[in-house]
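Have a look at these structures, which come just after this line.
Below, chain A partners chain B and then partners chain C, in two separate complexes.
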Partner chain A sequence: MVVLSAARWLRSRLSDRFWRVQDVLKYARHFRGRKNRCYRLAVRSVRRAFVRSTKARKEKKRFLRALWITRIEAASLEHGLKYPAFISNLLKSQVELNRKVLADLAIYEPKTFKSLAALAQRRRQEGFLAALGDGKEPEGIFSRIVHQHY
Partner chain B sequence: RYVRQLQRLQLLFSPTAADARGARQFVEEAAQDFARQHPDVVLYVSPHSGPGPAPVLRAEYLNGTVREELIASMTSEEIVQLATKLANQSGLDIIRIRKPFHTDNPSVQGQWHPLTNKPSILTVQGPRLQPQ
Partner chain C sequence: VAKTSLTSPPWPEVKLPDPVEEAKYHAEVVRKVNGLISAGEYGRLFAVVHFASKQWKITNEDLIMMDNVLEAECGDRIRMEKVLLVGADDFTLIGRPLLGKDLVRVEATVIEKTESWPKVNVRFWRRHNFQRKKIIANPQTVLRINTIEIYPCLS
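Entry: the complex of A and B
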């Protein structure tokens, strides 16, 4: 004889609650205060931490670019050039190095950076001569553009 | 030449447990083919009699890491796929790599310090600097 109504009396109870709680708390261990111990507070903090970490990926790019620009500005001021002049003249001389590489060069290869600053300075002077001279002088050497055909 | 980083694979299962059925089928059918295809991996099959722990595939690598994967309630094909995946891995930890590059010598010209671009009169010391 099968008693069909007995199934209603059975309640399924959680047996791995400890591990479910630990799955959340392991991401909260380095937090400050009770949110690193208490599950109720930790759930909210962990969720906010994850949301913030996903949103911060866009801001990280902006932050790092600003950091590189600060470093390049400091390094080029050591060589007597301001940042806008440095970057624009480097681009006009067809040196297409990005700010990350320029910042790394400024830190780890100071002589290379000095030569890049000198190149930018020379191109700047040639630009001034071409704009103000307006004469029959030949074009500057570093103002020549190399055309690449791919 | 390519050196396979997987040293040995240990297949620990019980011959009577119900969830080790895939492991037993793997041993009967596909273990020999797998061992022939991967000649530089040693495959140990150790059945422990009676009701024991869950069936496990243990992979040991050349750098010492031991990785255990549960094969309970997995079919023979899935175990073959798992074994090939472990055979193609290296023993490095599976964590987030912070940077995809690394150098032991980052600076060739000498790292910048506050006195690199200053006149050398600030750094040089010696009897030559004294006025005569």
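Entry: the complex of A and C
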């Protein structure tokens, strides 16, 4: 005779429940309290932890940029320049270093940072003179734009 | 005429030094630095290089890890051309924005091409039965900076 469906006493039951539970608990082992042992509590905590880490990966970039800006501001104030003046004058003198590298230079290469601050200060003064005079007076040396061909 | 708040600009009076003397001073500085470079009296050189859309501050024997694929086999020597800044203890050469290729030479070797650790991306919206899980492993490349050299051709 042909049997199309299995008998009622034959059930399909999970055999690897232990490993499925361990897959979740392994991410919760360093948590505090019962959520590092009990599956029901751990599932919620692990899910929240993953969601927070995905969101934090985007915010880490914003946070690090703010940190670099604070450090560059502190270093440029030591040399008598404010951060907006420093950055804007560096960009006007065609020096395109980003904030990460400027912060590293401020920490590990103080002499180089001092020379960059002096460059920004000189460009700032030439900008003031250009704004005041605005005639046929000679442009400052550091305000000249360099045209490079590769 | 009476002095108001707008007669003089809000910044302090600025006087630039004499251009002729400045030119002499600049030429002297360039000559000294050229002499130092040709005599080889610098210690360790550091450079700021623009590579893989990021800027790195590197020295000799440095390891660098990039979050992408490089079309070079392991063990290939690579020359990095976009150098923004080169410095030693006594002098720095600042490029505007890049330094010339005949002035600096930065060599690196590709050491390793692996994948990153499996990062878990989970999006979850509570009470809306919405949960997505994705595991991402970015390809990474490890380079070692072999040498940074400068040649005395300043002007």
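What we mean here is this: the second predicted complex is superposed on the first by the 138 of 150 C-alpha atoms of A that agree within 3 Å, B and C clash if a C-alpha of one lies under 4 Å from a C-alpha of the other, contacts with A are read in each partner's own complex, and residues count from 1 in each chain.
By definition in this document, contacts are C-beta pairs under 8 Å (C-beta built on N, C-alpha and C of every residue); 3 or more make two chains touch, one makes a residue touch a chain.
All values reported here derive from a predicted model rather than from experimental measurement.
Chemist: Hey, is it chain B or chain C that touches more of chain A?
Modeler: Result: the larger residue contact count on chain A belongs to C.
Chemist: Which partner does A:H79 contact after superposing on A: first (chain B), second (chain C), both, neither?
Modeler: After superposition on chain A, A:H79 lies in contact with chain B alone.
Chemist: Have a look at where A:A106 lands relative to chain B and chain C in the superposition and call it first, second, both or neither.
Modeler: first
Chemist: Return first, second, both or neither, reflecting whether A:F63 touches chain B, chain C, both chains, or no partner chain.
Modeler: In the superposition, A:F63 touches no partner, neither chain B nor chain C.
Chemist: Based on the superposed arrangement, let me know which partner A:L132 touches: chain B (first), chain C (second), both, or neither?
Modeler: second
Chemist: For chain A, what residues appear in both contact lists, the one with chain B and the one with chain C?
Modeler: Overlap of chain B and chain C footprints on chain A: residues 108-109, 111-112.
Chemist: In the complex formed with chain A, which residues of chain C make contact?
Modeler: Where chain C meets chain A, its residues are 9, 11, 14, 16, 19, 22, 46, 48, 55-57, 84-85, 87, 89, 92, 94-98, 119-124, 131, 133.
Chemist: Can you list the chain B residues touching chain A in their complex?
Modeler: Those in contact with chain A are residues 106-112, 116-117.
Chemist: Quick one: which bits of chain A touch chain B in the complex? Just the residue numbers, please.
Modeler: 75, 78-79, 106-112, 114
Chemist: For chain A, which residues count as touching chain C in their complex?
Modeler: Counting only chain A, the residues touching chain C are 47-48, 50-51, 53-54, 57, 93-98, 100-101, 104-105, 108-109, 111-112, 115-116, 119, 125-126, 128-129, 131-132, 138, 140-141, 146, 148.
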